[in-house]
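Please go over the structures that come below.
Presented sequentially are two complexes of subunit A, the first with subunit B as partner and the second with subunit C.
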Partner chain A sequence: MTPTTRTRWAILGLTGPAYLWLAGTIFLPLTAMLVLSFLDKSPLVPQPASFTLANYQAYFSKSFYWPLTRWSIELGLWVTLFCFLIGYPAAFALAKRVKGRWREAIFLLIVLPFWSNALVRVFSWTMVLRSNGIVDVAVQSVFPGAPTIDLLFSYPAVIIGLVHSYLPYMILTCYIALQAIDDSLIEAGRSLGANRFTTFYRVILPLSLPGIVSGAALIFVPVIGSFMEPRILGGTKGATLGMNIEEQFTVTANWPLGAALSFILLAIVLVIFGILYPVLRRQGGGA
Partner chain B sequence: MSEVAVIGAVKRYGQVVALGGVDLTFADGEFFGLLGPSGSGKTTLLRAIAGFIDMDAGEIRVDGTDIARIPVHKRNIGMVFQNYALFPHLSVAENIAFGLDVRNVPKGEIRARVGESLDLVRLSGLEGRRPRQLSGGQQQRVALARALVTRPQVLLLDEPLSALDKHLRQEMQVELRRIQRQIGITTIFVTHDQEEALTLSDRVAIFNQGRVVQAGAPREVYERPVNRFAAGFLGEANFLQGKVVEVAGAAARVELASGGQILVPATGLSVGAPVLVALRPEKISIDPAPADAAVAPNRILGKVSAAIFSGSSLTYRVAAGDQTVIVFEQNKSRAPLAEGSAVVLDWPVADNVVVAP
Partner chain C sequence: MRRLLDGGIRFYLILVLVFLYLPILVMALLAFNKSPLYGLPFEFDLVWFDALANNKRLLTAGWNSVWIALANTLIATSLGTMAAVAFGRYSFRGKTLLQALLFPPIAIPWLVIGTAMLVFFFWSGIGRGLHSILLGHVALSLPYVIFVVGARLNDYPKALEEAAATLGATPWQVFRRVSVPILAPGVVAASLFAFAVSFDQFVISYFLAPPGVTTLPVEIYTSIRKGFTPEINAISTIIIAVSMGLMLIVARFYRFGGERSGNE
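And now, the complex of A and B:
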């Protein structure tokens, strides 16, 4: 065997298991769901099913899907935006200001939410946000005459809950990007006459853009399909497409429709990334 | 162009004294080398001048004005970093234009000045490249062009050539000197390479433990070191220890601890005073000892304990009493002296430099 063919075999041997696993866990179920989305009956029913486009047509013909979709996308944008506004400064402080032991301690606090059950996390927010909840009581004790604060079952409640869940992704990806920026680049910027703000805007921000983009992608994609947080914290307000999809599977047992809606959601995500990709590529070209 | 004066600079990091009261004046247009072992405070001084650190005491004056309160971005300095610190997301031209851009220089002028700078460092044609597409030497040139394009008052370089291989380093030394001469900018250059400091600098300062041990023209510092550290750090030196036994006119006779006598300039010496003499190995002539070899001042007998051949020159280690004397000799026609052979060493009186311990 020549070295090159041997290398090829080695690559195949090393990557093979990973590809098999990915094919098994992503490709197969996705294909099954794709087929399912074109059926006219749920596979749970004994009658034989036939192929149809009706499930996709339903999305475009029924007017109530559009507000659900719009709110899902808006929710994705809001949550991503707030995660950026809160997470980026935190990551910056952690990467460039905090040193040594403290950094590890703060890191632990950031990943701590990941270790608790998502359902517990969301339900604990209901106790904080409802009237006579923790926020309300705290505000009343400081400003006795203030109007009652009841955030539960509102748009802000959903956003707060989701930001809390997904913030660590933004902090971690931005931290990694910021930490890779050599301090001498920042000093070079300053020595060339740029003040702190200009140095941030012209050097730090563009170099950390890849971290922001991956954080945004990691947050936007799951949030736009979320259903648990909107249901528990939003109640009847702000139903999302994700909630509707979940109902098709668990309540109405209309699996084909649920599958079709899932693929529409996937298509929306892909279209958004397709539009943003060239823009981001140009911006973050160097890194 | 400007004169920079550092007056009583002190900087402490906890117990560590990074700068312990440094006084140095960098003349207008001068190329000044800061030399010293690692951790001696060279970088700290450079960073204090640049404005990246606040000193605990002392002043830095540029053309007579104290700049302590002026933030980094308002000091008009050019800095070249050890790792070049080129912006990876910007092209060569954008890197060079950065300092002009943030000063809101008109676009047309930026283009002209970037072009001039590229010519100066001989990189025309590469303006569109990204830093990672350049070789180490080219990156170095971009860093230099970027630091100079804003026409700073002072150019600061912190071990700029240490990342380059030997050949490229020599080429860049010549370039650096050419560019510095061409624009006549006051330049402060940190290096731990003594040869580099001696070849490039108009003046050098030797640092040790946060203090300037000696400052002056390279030749002066090399030929007349003030103390043992300066003599040993810059080049090689033999140290001869002894006691003054006689002062006669301009010369003092010193009895060496290892045996033999030498004559040294008498300035400030009296009989009985202990002296330490630094003697450069290349000043000593070495010859086979004749059978009737006699000892005289500045003439001692010994035995070759090692002869190291290195092409153009030879290094001998000669045992004279319990002192080992190192001697450099040009590789002339004579066959190298064999190890174990008896030799006689002599040298001019003027090459005995009395130094502080």
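And now, the complex of A and C:
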């Protein structure tokens, strides 16, 4: 069945504007930045630039970037892990144990913060974690004379803030996956003699894996490129690759180096997606 | 045993909710506290809301954010709905490719997209400013709109339109009486998404805002980095209260969380 000319114009007219917009604001800019990452001078400098590999070489030759990259990846892993450890049981309880209006209410309460400003939520943690903040005051009142707790500007603060920001993603994706599991499968496992643990490990966990993986992807990607949260909650400690890229564009104005670092970050993200892709793909066929 | 387990589950869910809401509540509380240095004990006062009312920078930034979010909602929802209708109604060559092209704006870290826009807009002469921030926000919102409207159109009831046409409806009547009612819920949900994406967007705006022109998140970030000002607590509390209030209203119309209690 070949589409008529009229249909073809309709398709073009309907999709054209959106894709022209995307081309001009996403795909052309990415191409421009790829070109820029091979230039030796920033476009802010009025002299003509020539091609070079120096920006990528700088990343691999300077020992300075490796700790930044490692901390960015570690941060992504820690945040994803904690989101899973906290979020999965919550999603499970919500999908399989809580019913009716309670479920609706709790579900709404979990997704609600999601719609408020992310920056504001990160900022709000500074008031909780600082010395003489709520955590500190609470501990002091229960154990007078306990050492002051000042978590602000530390690694844990960054992790806590990011887990708080991204936890709803994990709960949401796991909840959707868990809810789709037919209860009769679980009952079948139980009646065939499997105990609670075996049923969970052999039936529930594998079936909800796509939910876990898509949650992990939704969390890991933004966290690895984060710069605002580590800056507000981590201060000067724990510089991430993202923070360095931001500085190349806003402070030191070394755009070509920043562009190269951005593409290295993107390469890391692509590798991770490559690893997760088979699982994500299965999800498409599973439903 | 069973009751004990249920009690434990409820307790755990409450703990999770406490974790999610603790910082927000603390911030809201401190917005009404008199001491500027977050000093305790708590003393109720509206000084920071008064200060906010006189903070021109913050208010201008706030209005910028609202206008950009509204313009973004209008543009992204119309363009996105058009594309979603094309995907729902027609099958054509290159459709899968076009749909796959919607993933990069979602899957690439905003930092990379934001800096790439900065570079390209500089090179092409578009420059920085509210107009380029709007360009960027629409790009980020489009994929969400297309997915949300598209989810509704997964099996586009083409037959209904054809039936209406054979029964003598004019194309306009078909559009008005058949297509629009089918599309409406998806479009409303998508426009809410688009508004939230834009109003919340910090990273892209941060790179595209020239000195002196800001949106609310950018202005808040700058204030935080300069030093803590309780006015930020006040405006943040307002933002959170308004956005959560809006969502609660929406939730009354759209049921989140799956089925009702009926099928227990």
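Please note the rule applied: the second predicted complex is superposed on the first by the 245 of 287 C-alpha atoms of A that agree within 3 Å, B and C clash if a C-alpha of one lies under 4 Å from a C-alpha of the other, contacts with A are read in each partner's own complex, and residues count from 1 in each chain.
Here is the rule we go by: contacts are C-beta pairs under 8 Å (C-beta built on N, C-alpha and C of every residue); 3 or more make two chains touch, one makes a residue touch a chain.
Computed from a predicted structure; not experimentally measured.
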- Check subunit A with both subunit B and subunit C modelled on it and let me know: fit or clash. fit
- Query: Touching A:6 in the superposition: subunit B (first), subunit C (second), both, neither?
  - Reply: neither
- Task: Determine, under the contact definition given at the top, whether A:70 touches first (subunit B), second (subunit C), both, or neither.
- Result: neither
- Residue contacts on subunit A - larger count, subunit B or subunit C: C
- Message: Output check: A:127 vs subunit B and subunit C. Expected answer is one of first, second, both, neither. What do you get?
- Response: second
- Message: Per the contact definition in the header, classify A:198: touching subunit B only (first), subunit C only (second), both, or neither.
- Response: first
- Note on the structure: Superposition result for subunit B with subunit C: lowest C-alpha separation, Å, rounded to 11
- Message: Could you list, by residue number, the parts of subunit B that touch subunit A in their complex?
- Response: 50, 52, 71-74, 76-79, 81-83, 85-90, 98-99, 102-103, 130, 146-147, 150
- Message: Please output the residues of subunit C touching subunit A within their complex, sorted ascending.
- Response: 6, 9-10, 12-13, 16-17, 19-24, 26-27, 30, 38-40, 79-80, 82-83, 85-87, 90, 92, 98, 101-102, 104-105, 107-113, 115-123, 135-136, 138-139, 142, 146, 196, 199-200, 202-203, 206-207, 216-217, 220-221, 224-225, 228, 232-233, 236, 239-240, 243-244, 246-248, 251, 255-258, 260-261, 264
- Message: List the residues on subunit A that touch subunit B in their complex, please.
- Response: 182, 184-185, 187-195, 198-199, 202-203, 206-207, 284-287
- Where on subunit A is subunit C touching in the complex? 3, 7-8, 10-11, 13-15, 17-19, 21-22, 24-30, 32-33, 36, 43-44, 86, 89-90, 93-94, 97-101, 103-104, 106-113, 115-121, 123-128, 130, 132-134, 137, 164, 167-168, 171, 179, 217, 221-222, 224-228, 231-232, 242, 245-246, 249-250, 255, 258-259, 262-263, 265-266, 269, 273
